[in-house]
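The next block holds one structure in the form of structure tokens; read it before the comments.
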Amino acid sequence: MNNSHKIIHWFKYASPQSFYPLAGKLIPWFWALAAVFAGIGLWITFFAAPTDAQQGEGYRIIFIHVPAAWMSMFIYMVMAAWAGLGLALNTRLSGMMAQALAPTGAIMAFLSLWTGALWGKPMWGAWWVWDARLTSALILFFLYIGFIALQAAIDDPRRADKAGAILALVGVVNVPIIYFSVKWWNTLHQGASVSLMKAPTMAATMLWGMLIMSLAFWMYSIAVALTRVRAIILEREAHTEWVKELAEVKGVTP
Amino acid sequence: MSAIIAIIRRDLLLAMRRKSEVLTALFFFIIVVSLFPLGIGPETALLRKIAPGILWVAALLATMLGLSRLFAPDHADGTLEQMVLSPTPLGLLITGKIVAHWLTTGLPLVLLAPVLGIQFDLDTGALGILVIALLLGTPLLSLIGAIGAALTLGVRGGGVLLSLLVLPLYVPTLIFGAGAMEAHIAGLGAGGHLSLLAALLALAVFFAPWATTAALRIALE
Amino acid sequence: MNWESPAAFFAMGGYALYVWGSFGACAILLIMEPMLAVKRRTSILRSLRRERLAETLENP
Amino acid sequence: MLTATGLSCIRGERRLFAGLDLAVGPGEWLHVQGENGAGKTSLLRILASLSPPAEGEIRWCGEPVKALAEDYHRALLFLGHHGAVKEDLTPFENLTLAAQLDGTVLQEESALQALARFGLRGREDLAVRFLSAGQKRRVLLARLAVRKATLWILDEPFTALDVKAVDMLSGLIAEHVASGGMAILTSHQSMPLPNGKVLKI
Amino acid sequence: MSAIIAIIRRDLLLAMRRKSEVLTALFFFIIVVSLFPLGIGPETALLRKIAPGILWVAALLATMLGLSRLFAPDHADGTLEQMVLSPTPLGLLITGKIVAHWLTTGLPLVLLAPVLGIQFDLDTGALGILVIALLLGTPLLSLIGAIGAALTLGVRGGGVLLSLLVLPLYVPTLIFGAGAMEAHIAGLGAGGHLSLLAALLALAVFFAPWATTAALRIALE
Amino acid sequence: MLTATGLSCIRGERRLFAGLDLAVGPGEWLHVQGENGAGKTSLLRILASLSPPAEGEIRWCGEPVKALAEDYHRALLFLGHHGAVKEDLTPFENLTLAAQLDGTVLQEESALQALARFGLRGREDLAVRFLSAGQKRRVLLARLAVRKATLWILDEPFTALDVKAVDMLSGLIAEHVASGGMAILTSHQSMPLPNGKVLKI
């Protein structure tokens, strides 16, 4: 078939066939980690963290807002890295990983917008302002949607992978450009009518809470992406022998 | 009647099959609306002032963008010929196609517009007027657009010629639609504008399918 | 513990709509997403199994 | 009974044919022959009332077709170069939707039967976009098997078909004619059907 | 090299043959720009303030409108296959097509923009900046757009999907382009914005043809 | 000399062919036969390096075609179902522009001659849009007469052509092969050319 057997050792897991069971073994661990971190994080969020002097209880949104915002950016980088890898080395798994990550990234981007809007209303009196950060988050959301829509519109999975990879890479070049352009655009017009809290002034518990919630989001993202990539592997490799030989396909256990 | 329903179902099926179709007309609307603040600047007061105009122009452009695909694919693959030769009167089939076009492009805009209005910091009353005006206006845009789409069918450079023909005809809709919101924001009451929109719609419902059918027959000869 | 009563907890100092709106949406999405991912896998598995069954019926 | 008298057709400054008469009655079929560009497609479109003749008149059962309009359409099945087949839909959907457009309802079995007859078994649920050139033509031609019509006007029905499909289709046309139908065809290949009238242009 | 020139000449010839093509992209620009005063109202001060944004958004939409026809006709009739099989490297041919696209849609906009700027009561300095910014920005729009056009080639619902992909990527161009004029009007000097635009253009000239070619190869497989 | 070894092609979940070997040398031509949907078009596109095979390799004069790229393209002339013919341009413009794309310059006379040979005299300056189905194909095929290429890959070159044109075209192919060229064709009609190798899929 291809010359994958020649390639270095760790590449073994770049084949869907060996990655599928590996992912299956890893998933429960990531779910467990996600649950533990989320438990601690939520406890800090609602019980350990004190009421904020200026924002009252409303600031507690930060404990999901910031992790979601971070993850939305981080996942995009990871997705583009997988896509680029797939384009360069022509490994089948890379494209599947990129495809599996995209919906999670889009959901994170959406959550950062949604929670941000719900935070903005009590803080600024408006659901939305054209702040640099908000605007670039919005554009990032569009980039995700574009990626997903492009892949959904192409029937041949291999073609979809490659086209998506090019789009993701073009996006990666553009995301910093977009971010800085928006930032500059915004500051030219108006002074800092919106000043976000600066991290150093943040109380230590809050910082911890945010970090732990971020870990929870991170573990969640890995777990859900792995779950999805397993489904994608099955869909794409449906006609191969190794899938037909899988225990869950033979009907022993799901 | 069953043929109309059949054609609406067929067009909706086609739209669903090209999954992205419906969503992307919507996203075009969203993106155009979001581009303006980027071009104009983030001042809330200024943005609130121009919001009605921007929302309406964007709705108009989003509707227009899909128009060239209203008849062109059916023309290219001979379906339109079969429609002319169908025992059902052509006018009915065409009406079905226009309804399907509105369902896939106009209706989603109506539903989404309030969310975008929030980005421009509009109040609830203004948002309500926006929805009502769009509910009257978008079918109007589909009806007028269908005439343009039929006239430019199979014509060289049709796509862009279409916008040239249709945009001037969209002007009254734009003026009354955006005017309704502006009047409301200025505290004048939007009733007048809305009833004018309704009157235009009634007019178009009667004449547009007929004009479209006539134009299509010419295009097919 | 900085809450006097469950009611105070749910009121969130007057920010209930915003805080619970955020956490609620977050919860819904983050529960829905894995469910959909799992469903995607079970449905492809089901069709694979059906295919296998059809094959065994054809050439026993 | 389709009769045409004194038909002529002008394209650009070119007169493709003039003073053309023809008549096709029940149980008859007509083979329109001519070189590339002679005007066969143009003639067929005129007969189907899709474009008006420069001169002359077409009558269906004695009435001018322009006046008959829908009644003529009900009796007519015209399949041209273009498919009227949607690339995004499956053969099955294409067939049932075409029937609905004609105002008739097509049973699932008869649709599947027609497709199977045209060798599309196993492709019923694959978007037409993926089919081969010949399979696309077969989807189109499957309408012949499901739509009741007296007059068939077919422009090069045999293009892109393989030998088996050509036989099957000519069998279908022969059957239609034998049972009192009428057909007008063009084809550059030697026609595998007997007893046709020939019209040379 | 001669193949590039051949392809540019061919595309220009095709554009001329469909007479309306060039004119209508231009007319679309004019009409969009003229719609805004209708939607927003006639206050001169307000209009002058939003003029840069509107002109740039209109330029962007006008460019985008023609994008779906950049490769699609060549794809449909098999020309693109012949290009792949041509002895000339595909990248060169593609560059030729992008140049031709700019000549037929970007350049006319640059030439017409000052006239429209006058409608918004802009002074000569601002008009000069507008022309320079468009001169740097429209090739950028063509280059980025070509990537999107190649990616959505032969894809279901391509036309609208294209705008979804391309519009976010247009954001920096829009911001710096409109920003240059606004900075000038505010008396801050447009130099910074213009040099950023130039830098983006340089970046795009290197990468866009490559990405476009890669995307086209994928579409053709 | 074109050789292919162990070619296989998968579309969707369907394996169209597998383990296919072929070789065409100078002065030989190959007739690819098969039913509708057998995979002839797919095979020809693979041979032209337009789409990659699922397995197997194609070599031109002993080198893999992927490595040769432009050199292979120079030796190859591929004409598929689609015309690569612009409807808005005239036959003459189409022919000269196609030549320019190939990086060659076409003399006016030789272009006119080629068109005349394909029976398009008097249509040189009429936009292709107005031509009949067969005339459109002729515009495309006229490239055979002007482009120098060693290997011709033609997908159903005889479709839509009338009897005279079929004869002319088969003469042209025979000439090309006789002078040491190679050709790979598909056709459902009986092939009016002698001495071809046959490949059934």
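In this document, chain identifiers A, B, C, D, E and F correspond to the written order of the chains, with residue numbering beginning at 1 in each.
Rule of thumb we're sticking to: a contact is a pair of C-beta atoms (placed from the backbone, for glycine too) under 8 Å apart; a residue touches a chain by one contact, two chains touch by 3 or more.
Since the structure is predicted, the reported quantities are computational estimates derived from the model, not experimental observations.
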{"item": "For subunit F, the least number of touch steps when starting out from subunit E", "value": "1"}
{"item": "Dominant interface by contact count, named by its two chains", "value": "B-E"}
{"item": "Same-residue or different-residue interface between subunit B and subunit E, half as cut-off", "value": "same"}
{"item": "Mean-CA-position distance for subunit D and subunit C (Å)", "value": "54"}
{"item": "Distance from the mean Cα position of subunit F to that of subunit D, given in whole angstrom", "value": "30"}
{"item": "Intercentroid distance (Cα basis), subunit C paired with subunit A, Å", "value": "17"}
{"item": "Centre-of-Cα separation between subunit E and subunit B, whole angstrom", "value": "25"}
{"item": "Of all residues in subunit D, the ones touching two or more other chains", "value": "81, 88, 127, 130"}
{"item": "Overlap residues in subunit A, where contacts from two or more other chains coincide", "value": "142, 145, 149, 153, 182, 185, 238"}
{"item": "Multi-chain contact sites of subunit E, meaning residues that touch two or more partners", "value": "17-18, 156-157, 161, 164, 167-168, 171, 175, 182, 221"}
{"item": "Contact footprint of subunit D on subunit B as seen in their complex", "value": "2-3, 6-7, 10, 13-14, 17-18, 73, 76-79, 81-89, 93, 220-221"}
{"item": "Subunit B residues within the subunit E interface of the complex", "value": "17-21, 24-25, 27-28, 31-32, 35-36, 38-41, 46, 49-50, 52-54, 56-57, 60-61, 65-66, 68-69, 155-157, 159-161, 163-164, 167-168, 171, 174-175, 178, 182"}
{"item": "Subunit F-touching residues of subunit D, taken from the complex the two chains share", "value": "11-12, 34-41, 81, 119, 123, 126, 130-135, 138, 156, 159-166, 188-189"}
{"item": "Residue ranges of subunit D in contact with subunit B within the complex", "value": "48-52, 70, 73-74, 76, 78, 80-89, 93, 97-98, 100-103, 127"}
{"item": "Complex contact set, residues of subunit C against subunit A", "value": "1-3, 9, 12-15, 17-19, 21-23, 25-26, 29-30, 33-34, 37-38, 40-42, 44-45, 48-49, 51-52"}
